Amino acid sequence: MRKTALFLAGFMMIISVLTGCTGSAGKSNEAETQTQGKETAASDTGEGNVSSKDKKTISLLSWYTEEQLGEFLREFEAENQGITIDLQYVPPVQQYVDKFSVLVASGQMTDMFFTAAETKRDIVDKGLAEDLSSMEIFNRIDKNTSATYGNDGEIYAYSPDAWIAGIFYNKVLFEEAGIDKVPETWDEFVECFAKLKEYGVEPYLDYADGVHSLAQILYQCMVISSEPDADEQINNGNSTFTEKYTEPFVIWYNDLISSGLYSQVSLGLNSEQLLDMFVNGEVAMMGGGPWDVTTIENRNPDLDYDVFGISDKNGNTILSGAVGVGLSISTSSDNKEECWAFIEFMSREENILKWQKVTNNFIIVEGIDYSVDTVFERFKGDVVEGNFYLPQIVWKNSAGIYKELLIGIQDAITGTDKIENIPVRLDEKQAELNQ
Amino acid sequence: MQGKRRGIKSYIGEILMLGICAIFFIPFYYLIVNTFKEARAATISPMSLPIKSFTLDLYKKAFDTINFWSSFRNSLLITVISVTIIIVFGSMAAYVINRHKNKLTKFLFIYFLIGFMVPAQTTLIPLFNMMSIFKLQNSVLGMIVLYSSWCNFAIFMYQGFLGGVPRDLEEAARIDGAGLWKMFWHIVFPLLKSVTITIIIFDVMWIWNDFMMPYLFISSSSKFTLVMEVYKSVGEHASNWTVMLCTIVIVLVPITIFYLFMQKHIIAGITSGAIKG
Amino acid sequence: MKLKIKKELPYLLFVLPAFLVYTVLTMIPLLQTMGLAFTNWDGYSLRNLKFVGFDNFKNLFSDRSMKSSLINTCFYSLIFPVLATLFAIPLSLALNSKMKTRNLQRAVFFFPSVPSAMILGYLWAYILAPTSNGLLNKFLGIFGIDPVLWLAIPKWAMFSVMMVNLWSAVGWHACIYLAQLQSIPAEYYEAATVDGASSWQRFRYITFPMLSSAMTVSVMLLLLTSMKLFDLPFALTSGGPGTSTTMISHIIIKTGFVEKSYGKAMAMSVIFFIFIALVSILQLRLMKKREVD
């Protein structure tokens, strides 16, 4: 055993040193060798000599992976000899937000970064991002939508798309349980739970960190549909979470939790296990978005599924959705020109179309013809009308409130706390964070 | 009397222990066995051997997504050099603290102990600040310097061990006129072999497995460590848990090899070092 | 005087490298944390930094999550060291046998402490899946027991964290005891057997007292790791459901990075650090005394 261990260890060390020396291993070295190759080519032909002083590297803190963005980065670099983009990927959501916070707090922000709903407040309050409103592309995006990442007319992040989430459902299971049409009101939605449970299949599950979604969506349908500025009122102190959120939360709780229709199993699942269960027909419904489509189709190409949006008792629907994460330029960057150029590159129509294929999201730039080749096509109209919302984008102290909401809903499900107390806790948390 | 005692009772005892060992090992068996199966097979029959559904596809996929060799090289470099520095710095400091007792060294001993009580999360941002002041962030060298500051464990262990080492040889050397440097490296250090091995084992495991520090300070993918690659794959492969299990196995292999290699020394080392401290 | 410094110089130089790195990267950040706890730092810039005295320390424990985490950490730090020791000592006795497979046994029990807690957390999340497909539930199913929602019910979540931690730590700590066991002179046992002592009496009057210094080290490490616990609950349950497995370390991170109340987070860190230091010193004193006895 010892000899084998020695041999294996020695073998690995030799290989790693060899591959390290030749620099041909790993994707991360490809960019280097490519740009090196181009440099040599340029100097060989004697034209456009890029002296090493002009070579700039801009860093990008990214929500998207090398796999997703790589093509765009290489193309940009090919067009702009002398600029290299260093992609620093951090998995969304919480990890990305944490890393972002650390970089901000220590003054080490990258040249560019992605702005998400969770970080928007920070960026506005602390002036972390450059104002991009003068970019041409914003003339083609609805002003209200741009305001997602803006403040007072200034716009801090560029995003050409928006995502909408819905409830995936298994058509076969629905049929077998005797559900003949997609629910159009909240009560019909709850009835689906009952019918599926009677049939003997788990009706609906979330993953542990997503158990707040149904309650939140009900709030959107019930309150935001009639008062679109409800959350702003809470921010200004003209209203409270208790006032606006209690009714939908109580309805959610009584209809799904007290009745036993919603299973506590959700609290023990991670997103991956949930997806696995849905794909294998172990659960009839699950919440999800365009980002799940590729995975579902890869795991089970034969799955007969579709998606619908939840409504309240009166059939009002406000879908969960938001503008996609946007590209921002850090105010502390020394390479703002180059960053600007990259964003302009990404805002070219052909790149917007290409990007849509990567994310499967909806394009919010006017005048571009495209098709969403997924079940989410049915929501295209809702995007145009702006019929989507996400409270996290509006809330003051968003990250802290969001965490408290998640913990609170979990407590309500386990019975650790009463549902009526959850909005109260949100108010308390808001007061605490406002100090 | 001795020969007779090895009767049925002890055989039962041995079988019982082996049974408990088997149960103990189940999570790892589960981990390894399922990395060779198709995802569906893994869910249906998680404990079976992958005879019918054997596939190496998952490993291929895992290798494709993680930069194994580059991150392995980074982890290796960082671990080996950091541990070497820890041994050097730590033993030297412990020697002075133990052999050259005065007010200063007494203070230093307590000074180095305080580090154990500091939970890492509490000093993250000031630490980040320090790292950037010295331009240590996002670099392999920076991580090495950072891990060297973990030398207080080594100091603690060396200090304890030195308490049981007689000074005769050093006295003789001093009479012969040997300077501090020579005395320490040629005479004392060779005596510290067993505790050095213990420190190496612990520090290698801690540093190799460490996730928090590289996560905070390394952002370029070319400088990722092996454990970071697993973490990254968790985000990317939220859709493919068996591939994720593969990355876990891949990450565990080097440290397991090291462990098997050093196994015999672990207990021997603890004997000489920890208790006396 | 000059002569004295010249004499001391080589010794100082020997300590200098360790002192430098440790001071810059461990002590200075600690001092900065303690200092920032008394200011209104917003986690962004050091301009407009105001001294606010003990403001950050007031109301520290009024937050609901903070109270939960305090209870959880205390609960865990009391129970886990006891449990771990209760399992580690018998295990060390079992491993101290003359069995042929004892090296294999020692290896198997020690190995779970080798992978990082993050990895173990992800692995066990699948073993502890709440559905009937989860490995542990499948096993229980053989005996006709219904699936347990391991990570979904607060008390089971805490139990799961302890269980995984036990599994990974017990072999490691058994080795600490094992090391000391091997240095107990055989004559003691022989003399006791001659006097007619039973196995239990041999354990209670010879083995157990002789293990006291190992116990001091083991319990100290168990206490320290329990109080500072972060990785395992983070990877296994994310501190949930609700706050049932949230520890003080998680709250500090949440207060700082999520809620951006950095001054408050620093204040919590200071109190946390003092608490850990006090408990460790207390524990060491008590147990060292016991050793002498």
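Think of it as A, B and C in the order they're written, each chain with its own count starting at 1.
We take it that a contact is a pair of C-beta atoms (placed from the backbone, for glycine too) under 8 Å apart; a residue touches a chain by one contact, two chains touch by 3 or more.
Nothing here was measured: the structure is a model prediction, and the numbers come from that model.
Participant: Between chain A and chain B, which partner chains are common?
Facilitator: C
Participant: Report which interface contains more C-beta contacts, comparing B-C against A-C.
Facilitator: Top pair by contacting C-beta pairs is B-C.
Participant: Nearest whole angstrom, what separates the Cα centre of chain A from the Cα centre of chain C?
Facilitator: Centres of chain A and chain C (C-alpha means) sit 35 Å apart.
Participant: So what's the Cα centroid distance for chain B and chain C, whole Å?
Facilitator: So the centroids are 16 Å from each other.
Participant: List, in ascending order, every residue of chain B touching at least 2 other chains.
Facilitator: 43, 124-125, 129, 231, 234, 241, 244, 260
Participant: Taking each residue of chain A in turn, which ones touch at least two of the other chains?
Facilitator: As it turns out, chain A has residues touching two or more other chains at 102, 105, 107, 270, 273.
Participant: By residue number and range, which residues of chain C touch two or more other chains?
Facilitator: In chain C, the residues touching two or more other chains are 43, 126, 133, 253, 256, 262.
Participant: Under the definition above, what is the set of chain C residues touching chain A in their complex?
Facilitator: 42-45, 63-65, 125-126, 128-131, 133, 149-154, 237-238, 240-244, 253-254, 256-262
Participant: In the complex, go through chain C and note every residue touching chain B.
Facilitator: Checking each residue of chain C against chain B gives 10-11, 14-15, 17-19, 21-22, 24-30, 32-33, 36, 43, 94, 97-101, 103-112, 114-116, 118-119, 122-124, 126-127, 133, 135, 138, 167, 171, 175-176, 178-180, 182-183, 213-214, 217, 224, 227-228, 230-231, 249, 252-253, 256, 262, 265-266, 268-270, 272-273, 276-277, 280.
Participant: Mind pulling up the chain B residues that touch chain C in the complex?
Facilitator: Of all residues in chain B, those touching chain C are 6, 10, 13-14, 17-18, 21, 24-25, 27-28, 30-31, 43, 46-47, 88-90, 92-93, 95-97, 100, 105, 108, 111-112, 114-127, 129-131, 134, 145-146, 148-149, 151-152, 155, 179-181, 184, 205, 209-211, 227, 230-231, 234, 241, 244-245, 248, 251-252, 255-256, 259-260, 263, 266-268, 270-271, 274-275, 277.
Participant: Help me check something: in the complex, which residues belonging to chain A touch chain B?
Facilitator: 1-2, 5-6, 8-9, 12-13, 15-17, 19-20, 25-29, 59, 61, 65-67, 86-92, 95, 99, 102, 105-108, 110, 270-273, 275-276, 280, 295, 298-299
Participant: So in the complex, the part of chain A that touches chain C is made up of which residues?
Facilitator: 97-98, 101-102, 104-105, 107, 122, 126, 208-209, 264-270, 273, 277, 282, 397, 399-400, 403-404, 407-408, 410-411, 413-414, 416-417, 425, 428, 432-433
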